[in-house]
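Beneath this line is the structure, given in structure tokens, with notes to follow.
Should a chain be cited, it is by its letter among A, B, C and D, assigned in written order, with residues numbered from 1 in that chain.
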């Protein structure tokens, strides 16, 4: 039993969904999504028992490439995030009718497959292939099933595609360079490379470009808001819930251990960039008129903080970043789902056209309020654990980082509550707002439950990720 | 120990259970039942607290309960634990005690509201978080409560959520609190970095045992924590949310914005007294901020016409006095004033609620008057509370306020002067309130006059209880023979060695304070009873009182300094920077496009050109291959 | 048997071939008449052939000459086909100026 | 200066001059004639290098077959000076520039590469008589030789097809 099982389930699921036909597609997809989630929980159990669930096999002899899927705590945590969120995302779409839904759901599973592969791959080329593979399904999902004017959508999506692809190419160059040095792209072999500071800087920058665009950090974020707005909500959830984390995960897994000297040398710049993202994203979010765009900018702010945490190169920073990644994954999926629920009823995403929902649907309002509060990191929610740990790690570097990064606490509350006030409160809306359906309720309650449970008891996840993060830290500190 | 853990859990979770019941089943339970459940759950907590209070004498070191590991930081773990010692039990007593009374009051007060079950749910949630705040054994558990009460405050201020102004007030309260919360967090970070612990007990031993403390960072930490306290306890510069918070229902104002939540800052500073004692600079800042807040808020209170606004500014002012005491290192005095203040201010708020209830929502004192006859119990209880807050001898406020003034006098005469002036003003505006509300003729509409009535017993009983407490509350810390000081010795060890003597100076000061209070009352009497003045219309207010009436334009100032620039920046970022960055990215695409477009022109099919370029290319390749070496 | 190159020197042949080749290139670029262009190409081919033969002598090896032999065969075929194409172009366009042949334009 | 070198120089001069004239003469017929002379001089070079077989084949193929083809074509199209189109100045300039450039580059390369010219070896072995060439062609180069014939066949068919008048229009 090893982790390739999950990839197989997801890939088979994608094909099965495609073959199942439009009527059955959503249910088949959900089934395979749940199967993958179940399998990853079983695998987690095996992993916790100390079994080896990695899978390494020579793939291409010349050049020397392995099909290496390595599962450590960090990968398992991210894998769980992917496989748990995928069925939730699939389930969340049950209220909508999609044209050609067999392709739609197959693409979702395929994307999930590619993202899971990215989190698991420990060979550079394999990782790169999965990394790029994940771009293809989201491109089609956003392009075909997106909303708004077709021309504008095409523009936004193509921009996103080319932009991220262009960034990734630099990563490929870095991999090729390292292959020439090491003769292999296995992570362990790359760790053994003794690169000079100058080489490391270039590799670091090449990786940085790929990741900064994907995460996204300012000023590489311009694709984000438009794509989030134009993509169907399912696509937005996949993007913001999981795909952004690919970039952040890769920073921890690839960028920092492979170029530790550069990371240490220019730490302040990159932390600063992350924090600038926090402030910038928060301030831009204040005046957004479109709910999804607002959430996009809030995402920008949150990932900025996470990125700042990773670049501190401390255990707290990395751990907080991973915790916050998972927490943010859940909360942002919940919030986008809430936006979708409003859209299903009002056919609008403009905040100005909402308002007064609380009297019509108090249940929904309560749930969205909890999500809003989780997003602003109220203690007892999972996000607080992450944000606190990240800010604490920043304070270890420099207290000003913590203070500036901490403005997210204030500004985040400002824009989220402002949004909540104008979208949900106020005089009863003239348009009717049907109360949440059972499906919608289950999805939201699941997400909220996860947030609260880990908010009060994050120990399982912390214990899972800490050993592998410590290992990565020893890699980072191997040259001094 | 097991027993204690269980009871502590009951103490904490009873209000939470009440919250859950009211949230999920409140609507179907009916109004009365949901109110009763809400009240009972707090009462259970009160009883549990009483149990611990009874046991604390036998265990002066307090009870520590660690439930589970919560957050792991690289150099330490934060556990989810409780600490039941003298300070937390004292706080729990009046939080749950006054909380129960206010719940009881709310059953009647909120009876006409369709969302009454929600109101009780929020109140219960508030009590739950307040208990967490007080009972936590480390700063992060305190922070849960700290943020939690802020949330409940937000929910309750915006309880009537159809009114966007109320929502604005709620949002403002939450955000200003969050500014303070950031300060608190920064303080927590520094303490964590310095001492690798956030637990009160270990922190205390760490600080006591440290040989060379980094005084600079310690002061920064203390200052950051103080900013947190400022946010929660409405001190300058973060006080403006509290008057706006009066948008919430009156019981909320009484419970959250007078008696309990706003004292969280004082609790925290008292909790960390061992830290603040080491940082005299920060202490001076606290004292000065407290005194200035007391004076500024009192001056604003002089001219307000909204009955709740007067009380709100009075609360800010009294909190300022408490901070003054804290800054001067007299934690026990601050705690004493917190308790007496909780009694009389809760009584005043509930009384004003009773008045507002009777007048169907009228809050402007210019439209009141002469309610003495119609509402005798309300009048009597409010009068007692007013006497207490004004510092009239034998009422509770006299003792606590007098001690603050004494301490101030001993440390710093200017601070004493400021505090005394604030006290005189307090007496004046409180009796202005009393005279305008209860004396002379009724100035409201005939309709309102017709419906004037004394409030039902569910409202008056809490009033009476609080009035009694406001009267006798001073007994817990009589000058020279203070039960409270004895009780707090484990928390504040230096009290054990403090001298308790009352000299001539003290008596003279006491007399000055009393005379001052009476002068304030006298001026109010002269102005509003003898001359029978009624405050003028808004437009007619001129001169300095206009500045006061508009609260020194602080809100407008903040608006110009912070809110407007941020909004401007947001628009600027959204419209200009975002577009610019986007154009930059598209620029790359455009350049590529342009190059290819121009390149296309070269491919015009002219063989001559192709051949020419071919030859050039050939030359280039050949010369690279053979000549470049 | 006396080697002829002792008298002339291989570099003379090289220079001759190079200049001849360049004249061919020049002709291709300079003229618009497709027939002349063809002739220039033939000149270039011959320049190369000449060099082959010179080197064949230099190395005392017949392979160079064999290659020239093949290249002549190819040249013959090329000229035949090329001229046929020119004829049909001339029939269609009435001119064999290469400027008219712009169908390659994308 | 040996006689052979003088002969070489004369031949080379003829070759280059006629090559230039081929390109510069305005009348295609003249060009063709100059080209014939050029080819003959090249055959002279071959003879000088003692490869008689090639010289003969060269004369047959180039001066005979190919030149006849050229001349026929020119006459078929009735080309003369008047039909010569005007060449823009930029074309001439480009041609001259590239001519100079490629000359420069190639000569520079050959100067730069400095072939080792010392003693030219003379094995005395016969390597270029018709007999030897025939053996080599039909032994070692058997397959290419056959392919060359196929190529010529294909070229012939293609030429016939291409130059046939299209009657499909009807």
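Keep in mind that, in the parts below, contacts are C-beta pairs under 8 Å (C-beta built on N, C-alpha and C of every residue); 3 or more make two chains touch, one makes a residue touch a chain.
The chain lineup, named per UniProt: A = NADH dehydrogenase subunit M; B = NADH dehydrogenase subunit L; C = NADH-quinone oxidoreductase subunit K; D = NADH-quinone oxidoreductase subunit J.
All values reported here derive from a predicted model rather than from experimental measurement.
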| item | value |
| --- | --- |
| Chains touching both subunit A (NADH dehydrogenase subunit M) and subunit B (NADH dehydrogenase subunit L) | none |
| CA centroid of subunit C to CA centroid of subunit D, Å | 5 |
| Whole-Å gap between the CA centroids of subunit B (NADH dehydrogenase subunit L) and subunit D | 102 |
| Euclidean distance of C-alpha centroids - subunit A (NADH dehydrogenase subunit M) vs subunit D, Å | 69 |
| Subunit A (NADH dehydrogenase subunit M) and subunit C: spacing of chain centres that average the CA atoms, whole Å | 65 |
| For subunit B (NADH dehydrogenase subunit L), residues contacting two or more additional chains | 608, 612, 615 |
| Subunit A (NADH dehydrogenase subunit M) residues counted as touching two or more neighbouring chains | none |
| Touching two or more other chains - residues of subunit D | 91, 94-95, 98, 102, 106 |
| Chains that touch, pairwise | A-B, B-C, B-D, C-D |
| Subunit A (NADH dehydrogenase subunit M) residues within the subunit B (NADH dehydrogenase subunit L) interface of the complex | 159, 162-163, 218-219, 221-223, 225, 280, 283-288, 314-316, 319, 356, 358-359, 362, 366, 373, 378-380, 385, 388-389, 391-392, 395-396, 399, 402-403, 406-407, 409-411, 413-414, 417-418, 421, 425-428, 456-459, 462, 466 |
| Footprint of subunit D on subunit B (NADH dehydrogenase subunit L) - complex, ascending | 608-609, 612, 615-616, 618-619, 622-623, 626-627 |
| Sites on subunit D touched by subunit B (NADH dehydrogenase subunit L) in the complex | 91, 94-95, 98, 101-102, 105-106, 108-109, 112-113 |
| Footprint of subunit B (NADH dehydrogenase subunit L) on subunit C - complex, ascending | 25, 28-29, 32, 98-99, 101-106 |
| In the complex, subunit D residues that touch subunit C | 2, 4-5, 8, 12, 15-16, 19-20, 22-23, 28, 31-32, 35, 38-39, 42, 45-46, 48-51, 53-54, 57-58, 61-62, 65-66, 69-70, 73-74, 76-77, 79, 83-85, 87, 91-92, 94-96, 98-99, 102-103, 106-107, 110, 115, 117, 119-125, 127-128, 132-133, 136-137, 141, 144, 148, 151-152, 154-156, 158-160, 162-163, 165 |
